[in-house]
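Read through the structures below before going on.
Each of the next two complexes has subunit A plus one more chain, namely subunit B in the first and subunit C in the second.
Take a look at the complex of A and B:
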């Protein structure tokens, strides 16, 4: 097997030069990216996940339809109800649809409406002699039909509105008068400009991408451990710290680049772009830390998936809570991803900047540092005890 | 003898409560092969891991080129090539990519890896993924990886384990060539024939202790039994007789057999290293 070429190789020796730390880390990063690109599972899963996430975003309605359609029977009472609820003809937020027949109104509330016609979520059936009885001071009854999805507070408001119609008809003016000047909205008035669900979904979508790539890194680490290639790495001038740094870089790079892609495609970058960028980077580092932890713990894909899910389901909770404003329990604020999600939502949805979100960013940075340190330590221990 | 390339002095190591190395001492000079022989679990691989700086001895010292391996790991590892018992290559990379990656880690990004692949007979398969390599091809690639930076010391852990005779011979040829060019080689194996063939000296290690360290010839002479095997005609059949050469009546018995005119063949039967190992340690090599 010894040829002239091999004789020359050993005669002149390898063209040595002292390997730099950066050179070693760069070589491991390049190797990891190459092996990642050759992993059929991730090469299928990554684009599928990206397409799925972006599609999910664009399938959601871009606006919130704030119009509340109310049916009323008999039609003669429609004007009184409009008056009681303060609805002008030019206002679209509340539409009153008169019905000749109570049964038809009930069917419409249940969803049986002609195509193109507005579907009332609430139907109010008032007795035809309501105004007369009210003037005579006699009691009467009214019936309200509601769709099952109508929340209790709206049902209550309708009951109040019917009573108000009766009271007004009876010539008893209400003791409190409202005027536009006295209706004070604290914070940004979102009436007519509600945040659509898909906007609030962005942090969750970005987290889904980050999670996918966290599992990818965990897979790379688990393979390095189970196939003992890490032992071969550490028998070269590469040190444990070089390997850990390379894994951290690869995990962060994969997660950050793809989360960034999703955020760009979903047009998340607005006035608060700087915060969003920083929050995404912190999120990518957090997920790299989780990848190192779970990669060290799991022996194969199933193992890393199991350990990964334990962490990632918990980390997803604050992002899911964004979909239901006001529903989050206080303990959610203690989760490592809470600050990140708040920063991402604040910057991408409300256009807030560093001044407004500094606290959340600081919390996110501390949690990221803690988990990155933990992942570093656990994987480091694993590598030296292989 | 030239200054030692490898020097281990009283090294001890424990996994928890279990002491796996109990103060071993040995040296390997440039141009020398030290066969490190012992059964599974004897402490061979632990010794290799101490020599690569991955394990720190709890007592004693481990030096390469006179420098403490733990303190100067990065510097000395640039002069050491290692082939592990596990075929820990990257299966999703080609043979050439595997070598180029390690060449970069050793600071030799422009090493002529194709020459190396040619050296181990893998030049034509250099662009194939390692996942498609046979066991023998992987082992040869492991050897090439250990040589990619033209090291001064080779640590070879079971380099021919499970290989077919042709691949094993190819690996042995590479080792011989490296020794001729001055490499110090620590060869761990439980193949006594291989150790006998390649090693200038052998160390018997068992349960973390070195029982003997000398040339194979001296060990066999000191601890083995010399004998001759004589095959004789016996009526229509053949019988065999072993004559111990160390006995007082050996000469007379051989003369008697020769005089009988029935001798078909006569062979010397030296003790093997394995027999010596069993005699010294009380256990086999499996």
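Take a look at the complex of A and C:
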């Protein structure tokens, strides 16, 4: 019994002209996207990964806490402590909370503070006769209360601050000719306007999405290779180049669209949006190349996963390095993804444009071309030898 | 069955992963994330005259001091935020300081350094200057920690490392091994032999459980957290390993193939590892952690292995953990019926 579609197919007869190359590539892309949409694994993992990444971003603190909250007893000593530490009333580095009672201050440092009140992690109790004794050159004892989380360098600094209160009272000048106002700040001064960790994490989050999609493409390719459906494809008018082009397009499309979604939802696009868009596209192409390379091995799911992860963990390193202050080590700068991450960070975090990031974009483009070429060559060889 | 898994196991990337995991995670947590969240302020010093200040700064606890060769290099590194701040000490600096000449001193600060770090570094520098000058010590300062001394972040991350080790071995190895048997239809061949499905599950669980206990012990040892009572620790590790293996069997019987298993891992890992967060952030309400089954696996191990608690302190947690294991074993037994059905068909 024949269906209506079968009857129509035979009624049309054999095709009268060769399909165009674009048509063939488009047909393979459509087939791959359909296969992807039918794969329960990726249809579950993709939204889960997206939701997880975006949730993680918004759960992280939107601001950097760079203020030392210090309790002082008696309250009259607050100004002397600020002076000794060289911090003015308007500076974000220090918040001084005065306490009338030393026991209350100790309790506050231990965590017993009223709802909404600032909790000092350090409490400085200065003897009421400190200034007098200091002037007379007599020694005295002060007490510094600290929370367990206060690191050693802060404890040391507080000890010094207390000594400086006494030194100032005794009329001892600073042993060098400088003051806190005369610091030379090198680079953009971000005191009070630090970039939160989550902003620096954006390239890493985008990379996590790209990785998921790279593995998805690798899975698609691996199935084509292991089940020899690629051979069937090549028995049609499709050439190896068409298949390779289609795989590259599918991988880039999947990775680019989802990385873009994450960047939009995490509000990454600012003044440097053009660079970010280009860097994301290059990143998607890079991941498509990795997908072609690892998929060409034609291993089962676990094999593909492990081959892919070897590449992808290495490519993640520059994104992780962004979380640390300062410049990356030379070996990190030599990794293929370094330029991409720098371009993404520069554009989304610092709002830099093409002029500032041209070098990084050029490096990223070269690496992408090299890896894409390698993926193309490896998969191409695999397809013709199947 | 166990002999076969032992013989073929080393060829599997999953087993390699489970064995390498304790070392990798320990390196990552101690070396990378410990430094990431508790990074000490970094001071660069150009010392052109062998100043005592430099030696004193290097000896300070909680400060990372880098010696830089010249002022230009120092300014470049401070501007790149490779250092939080920097000082240039000219030749004869100490003598000038002691003579009361008040030599000029420039304090370079990185624009991206935290305001609090700037103050700490400046105040610490003043203290070092006073020490070289020889005019320190009018006030004795007593440091008091009213809430007691806390646990450093590196140690707070140990539960996470132990959970990873238990799960890499107990869950990954057990579940992947069983799911692969199903996917490749070798389970059908096994069940055609005198072996029952229960025996297959036992063998897989035992292999993963023993490996999990071994890897968790290795992780505790690598992190210097093998200090507690041996019997208690052994019992806690046993409960942990059994629960991990049961999680592995549960994932295995729920997954018809390795792809579904991978999706299960990705989806449920957050729930499995959530209790570890309560050690990293000790201020979070602990009752929330009680809701996660894996809390009852990890807490006795941490209490005994890291905090030196005895069996008497954690017996009730072990009982709850054992009860959860019992419930999970029943669940695995019930769900394994779904595995048996298609094979019989």
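Everything below uses one rule, namely that the second predicted complex is superposed on the first by the 277 of 386 C-alpha atoms of A that agree within 3 Å, B and C clash if a C-alpha of one lies under 4 Å from a C-alpha of the other, contacts with A are read in each partner's own complex, and residues count from 1 in each chain.
Here is the rule we use: contacts are C-beta pairs under 8 Å (C-beta built on N, C-alpha and C of every residue); 3 or more make two chains touch, one makes a residue touch a chain.
Just so you know, these numbers come straight off a predicted model, no measurement behind them.
Of the two partner chains placed around the shared chain by superposition, subunit B is the only one that A:38 touches, whereas subunit C remains out of contact. Of the two partner chains, subunit B is the only one that A:232 touches; subunit C does not reach it.
Judged by the touch definition given at the top, the superposed model places A:23 against subunit B, while subunit C stays out of reach.
By the touch criterion defined above, A:66 lies against subunit C but remains apart from subunit B after alignment on the C-alpha atoms of chain A.
When the two complexes are overlaid on their common chain A, residue A:384 makes contact with subunit B while staying clear of subunit C. By the touch criterion defined above, A:116 lies against neither subunit B nor subunit C after alignment on the C-alpha atoms of chain A.
Put simply, more of the residues of subunit A are touched by C, taking subunit B and subunit C as the two choices. Overlap of the subunit B and subunit C contact sets on subunit A: residues 39. Residues of subunit A touching subunit B in their complex: 1-3, 5-6, 8-10, 13-20, 23-24, 26-28, 30-31, 34-35, 38-39, 227-229, 231-239, 384, 386. In the complex of the two chains, the subunit B residues touching subunit A come out as 49, 52-54, 73-75, 77-78, 80, 82, 84, 86, 88-93, 97, 101-112, 114-116, 118-121, 145, 148-150, 170, 173-174, 177, 181. Note for the complex: subunit C touches subunit A at residues 13-14, 32, 35-36, 38-41, 60-63, 75, 77-83, 97, 100, 102-120, 122-124, 126-127, 129-130, 132-133, 135-151, 176, 180, 257-260, 262-263, 266-267, 270.
Contact residues on subunit A toward subunit C in their complex (touch as defined above): 39-41, 44-45, 48-49, 52, 64, 66-68, 85-87, 91-94, 106-107, 109-111, 130, 133-134, 137, 139-149, 151-167, 170, 172-178, 180, 182-192, 194-195, 300-303, 305-306, 320, 323-327.
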